[in-house]
Amino acid sequence: MSYNTFGREFRFTTWGESHGPALGATVDGVPPGVLLSEDYIQRFMDRRRPGTSKHTTQRREADQVRILSGVFEGVTTGTAIQLMIENTDQRSKDYGDIATSFRPGHADISYHLKYGVRDYRGGGRSSARETAARVAAGAVAHAVLAKLAPDMQIIGYMVQMGALHLDRDRFDADAIDGNPFFLPDAGAVEAWSDYLDGIRKDRNSVGAAIEVLVRHCPPGLGAPVYAKLDTDLAAAMMSINAVKGVEIGEGMAAAGLTGVDNADEIRMGEDGPMFLSNHAGGILGGISTGQDIVVRFSIKPTSSITTPRRSINSRGEEIEVITKGRHDPCVGIRAVPVAEAMAACVLLDHLLMDRAQTGGLRGRIGQD
Amino acid sequence: MSYNTFGREFRFTTWGESHGPALGATVDGVPPGVLLSEDYIQRFMDRRRPGTSKHTTQRREADQVRILSGVFEGVTTGTAIQLMIENTDQRSKDYGDIATSFRPGHADISYHLKYGVRDYRGGGRSSARETAARVAAGAVAHAVLAKLAPDMQIIGYMVQMGALHLDRDRFDADAIDGNPFFLPDAGAVEAWSDYLDGIRKDRNSVGAAIEVLVRHCPPGLGAPVYAKLDTDLAAAMMSINAVKGVEIGEGMAAAGLTGVDNADEIRMGEDGPMFLSNHAGGILGGISTGQDIVVRFSIKPTSSITTPRRSINSRGEEIEVITKGRHDPCVGIRAVPVAEAMAACVLLDHLLMDRAQTGGLRGRIGQD
Amino acid sequence: MSYNTFGREFRFTTWGESHGPALGATVDGVPPGVLLSEDYIQRFMDRRRPGTSKHTTQRREADQVRILSGVFEGVTTGTAIQLMIENTDQRSKDYGDIATSFRPGHADISYHLKYGVRDYRGGGRSSARETAARVAAGAVAHAVLAKLAPDMQIIGYMVQMGALHLDRDRFDADAIDGNPFFLPDAGAVEAWSDYLDGIRKDRNSVGAAIEVLVRHCPPGLGAPVYAKLDTDLAAAMMSINAVKGVEIGEGMAAAGLTGVDNADEIRMGEDGPMFLSNHAGGILGGISTGQDIVVRFSIKPTSSITTPRRSINSRGEEIEVITKGRHDPCVGIRAVPVAEAMAACVLLDHLLMDRAQTGGLRGRIGQD
Amino acid sequence: MSYNTFGREFRFTTWGESHGPALGATVDGVPPGVLLSEDYIQRFMDRRRPGTSKHTTQRREADQVRILSGVFEGVTTGTAIQLMIENTDQRSKDYGDIATSFRPGHADISYHLKYGVRDYRGGGRSSARETAARVAAGAVAHAVLAKLAPDMQIIGYMVQMGALHLDRDRFDADAIDGNPFFLPDAGAVEAWSDYLDGIRKDRNSVGAAIEVLVRHCPPGLGAPVYAKLDTDLAAAMMSINAVKGVEIGEGMAAAGLTGVDNADEIRMGEDGPMFLSNHAGGILGGISTGQDIVVRFSIKPTSSITTPRRSINSRGEEIEVITKGRHDPCVGIRAVPVAEAMAACVLLDHLLMDRAQTGGLRGRIGQD
């Protein structure tokens, strides 16, 4: 994994800036003979596309993906796949102060300190626009997983937005795609909507927590001790813009538990081990057990707000910054499909790695 | 980064099982001409060594490190450094049931499912004993950092153990090394000691949360977007045995904040930017800003307890498991020096990566 | 280095097929602040462009490179650079038999055996068209080297074409760009031209040998023992289509020499060691010595000829194959700029790796 | 592949210096459940062990390999395997001048220029002693190949030593292990022996060429375009000490061939394609075809000779160097088992990579 590349066997390299001509992903290590089309990828793109509800940036991007290589007559050839998304709604306005001023909590200043030069238009490389390329790469991973692990399901949803938390007793996976928050509770949508309207009216923004649930993940995925499945999932989520924390299963709460409470006891099921609880989040010793995998992460509120904040500019002058333009009051919303994409890439990567090392052989239980 | 290797420019590969003849780390990418000795490394090893207090496993290991290569006449030569630690107190007893039974919450079952075969003695490769090799590699990183970034300080400490939390108003870095809990509050040590005694008497174990603070980290470390500094720190911590969550700065709490509250405002200090708060934990857009870096993670309670738990064995029979032997009631304690070692490795790795790409040049503020 | 990626610190991933919509290179690890423009890259592209003389394929490609990311206001930003070349002259004819028949000596059959599916149009991914992307990536490397190692010169030229050999006594570097063969001997051009005309008239093709000379390479580049400079140069050249052999310095002839003859004796020059010969080709123990680096490689004759050859098709039927279409009678000619590009990428990669590990410090001679 | 690591899926990192306490290889990515013992590895070690004939260095090393991890109850566990070889015959003599003087043609000076410091004892890290670790790693690869590709044979032998060439008409594979030269022609052994005696008496050394033949390699191994099988074989051989050239099939001679002559025509055999010749050396487009793979490389004569050569020392003084001590008059001899080991590692690596990407599926010929 190098600077702009993620993954080992299944790898993608993303490129492009928010206001450049295009951005995309170069995807490598893809098995041959997998059905893949631009339409298939587009369905994933549309879930994170901006401007689809009043709760996301009003920037209008078609986010049309073009497959430039690696697919022939509708199937993957095993060679590198280039996915390109042209930027169509980057406004060529005068950026004025933005070029030299640093938004508090934004990567402006750290890019300036590291590189000395940066594409300041719309955040350049540090813009969440980069996540469009992740979703495109994730769609390729989904296409391969559909063939190699057809039962696997990867489901992302919001569990918190600022002061509001998901009521887990009301969890309804079917509700997720029916509302702009990817919220698994239809009944709470209106309250979340009103809350976020208030945040925006206050010229403010708000953080969020997202959870990704992986059902029917085969056991045995994960390569201890530095390519553990949970390690790679943590890296995948932490690499998403604005993420500040990642949890597997009990996550930070594990610090408060005792060994008696935390033990996921095991009984013998009809087709293998049956766990009586899932504090572990489906991963033990960095290897999947076959239980549901549960990953959670937090997204900080965007630093691009219209409430003035104190800062400095590159000349060292003290200034006040107000970020105009089109920004999501809660960037966490659109992080849901991004997280699903990253999870798909990690799981496929480990499926291929496991196939390389073990050939997919599994230790048997109760059969000898 | 492959299976048992961590890092990019500064890389180490750990090897060895809990009850094998030895374990160690193969360290590569080390700059030449750095002072390094076995005594220097030993000081780091002794901080995590077992059997040093009643609160850790009574297994007695000298954890003596031998440098087998890469150091000549007291300085590194730039070639691979082999660090070997011989196991001296692995008891050659009859392991009986352990060979076939799975401890709930332990990697026994996932290793069995993945590899079909495993070294069951003391947990084999999945044992926390592997972390001794990390500390040895981390000592090498510390030696190099002492030369390349002499002001940098890496300080680990416990902030939670089960129901007990550090009172941050009483934070005292000088207290950390004066007690077996790496607790930065001398006044709370007795209470923590009594609490853990109680846990052990209950044939139980308990989780913990550890924080690592990095002072005087140079700005500009971190390579967006898939080698971000926070991404690599998250991977480093999540790769440690029993870790279930990782946080940077506000961590999971960021989900509850608004943009107005979360913004770390900036003023101009005498020698560069001065931040008025540190919600970000010293990292923006994956790049260090020069502020203190704050990383936090949780450790689950060890699954090796003497209270019987329901489980199965490899024959598929339902059984009750009691884990005898010498185990830490709170594995989190000894995770502190391990976390410091992992942080040192990540920071050095990024220092070298940054030197490769930028030559250490920095964007200037207020000088043009 | 993974499937379609070359390099460690300075890395590029090429993508695209001969007759797809486009091909290109995703370049990562580029230092920031380096002047780079499409015009600059184009100068390198034009040296390898097809259709520029009667001795190369008559396929007409503008090989216009577009920079899609990583460059802002004329300088590199340190982020991933996407270079795209659109295919404009891929003929949408009926490929008929080509889809199922295998050209002897061509990758048709090996791609079929590995992937089961392949883009047969113009050789798809196995086409030498891929080398256009290498030249584009190499141009980026040249731009960075111009800043970091301004004295370095990388000069490629032909030393053999079939039965004809360069007369080294007549070596004239200034002649190289004045003829279609990159031949450093203006006086021999006419003979080489007549010879190749004869080959083409015979419905045949011919092999070639190319040499790359690197002048003023700094000493100390190369990381033993598995990232040696000569190892990486060998891999770079062997990865070029149709290459069958690679030599450093004396190359295969070293097998016939004695230690007395092969020793490059050393005297003390004004500014460091002065070697009295260069059998080693500028590299000792995998590390550059500061002498000229000499790399040589062979290119087999293209298998695409209009003389019928016996083969089979995917149905297992025995057939005779004649390859119509536009092919170079000597693919070795256009391999010269490709080899220069690969050499530039390897040298920059090692310059950055060396900067990472040693900071560019050098062991001194005669100064203490 | 980083500094001291070779391979992608099957990886080994070598460590250790010629006169340090030990050297070895850390082997990772090994499939689980493979039979492996120290005795098995030892058989490979003994083939390259010094002091076994008058034609190799008289240094006496048992080259006893210890397996320190990754093997349990006689089978591999899928975790990292540490192989350690203790140095027993490094003489603790006064190294005197060697510490500061540079042998012409030796890595002494390049290590000094790169690192500023070096272990000068016996060449330190640049010593051919490092190849012992390669042979140990190769033995692990052989053990895995014996399970995954039982028909595969990897056969190395000398084809040239100075002025003497193998008479290919007399090629006899069975003769290889019956003489100290790994020469496949028993009748020529005496002449080769006399020739080498003469070289040594002249206080001289001589180069050699070695060929590795791989029989029954499955088709489909190799990942274009930067992990081609021939690219990795070239890197593997060029990374061996003193190698100056690498050839696949026709090698450098391909430059002199025409397309008509070079085409390996194909007919349909009983179980797939049957090639009528093998100019390609078993690899097309970087992918194995199922034909015999043929790799050839040259080894320069050792620079350690007792004939005085002009050189300088680290103080910049001009000196004459005579290398006393125990050196091979033809280092090429012991390079044979090293080359077999490297070939085994590359082939296993690609077998695992291919299994990861394609699952070992093959495009069929003549079955639809």
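For reference, chains read A, B, C and D in written order, and residue numbers begin at 1 within each chain.
Note that in this section a contact is a pair of C-beta atoms (placed from the backbone, for glycine too) under 8 Å apart; a residue touches a chain by one contact, two chains touch by 3 or more.
None of these values were measured; they are calculated from a predicted model.
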Steps needed, at fewest, to go from subunit A to subunit C via touching chains: 1
Centroid-based (C-alpha) most distant chain relative to subunit C: B
Distance between the centres, which are taken as Cα means, of subunit D and subunit B, whole angstrom: 39
Rounded Å distance between subunit A and subunit D, as computed from the means of their C-alpha atoms: 45
Cα-centroid distance, subunit C relative to subunit D, in whole angstrom: 26
Residue numbers of subunit A (touch at least two other chains): 2-5, 8, 14, 29, 32-33, 78-79, 114-117, 125, 224, 357-358, 361
Partner subunit C, residues of subunit A touching it in the complex: 2-5, 8, 11, 13-17, 20-24, 26, 28-29, 32-33, 66, 68-70, 72-73, 75-82, 84, 114-119, 124-125
Subunit C-facing residues of subunit D, complex: 1-6, 8, 14, 102, 104-107, 109-117, 125-126, 130, 160-163, 199, 202, 204-209, 219-228, 230-232, 234-235, 238-239, 241, 244-268, 273, 276, 279-281, 283-290, 296, 298-305, 307, 309-312, 314-318, 332, 354, 357-358, 361-368
Subunit D - residues contacting subunit A, complex: 9, 29-33, 78-79, 224, 352-353, 355-359, 361
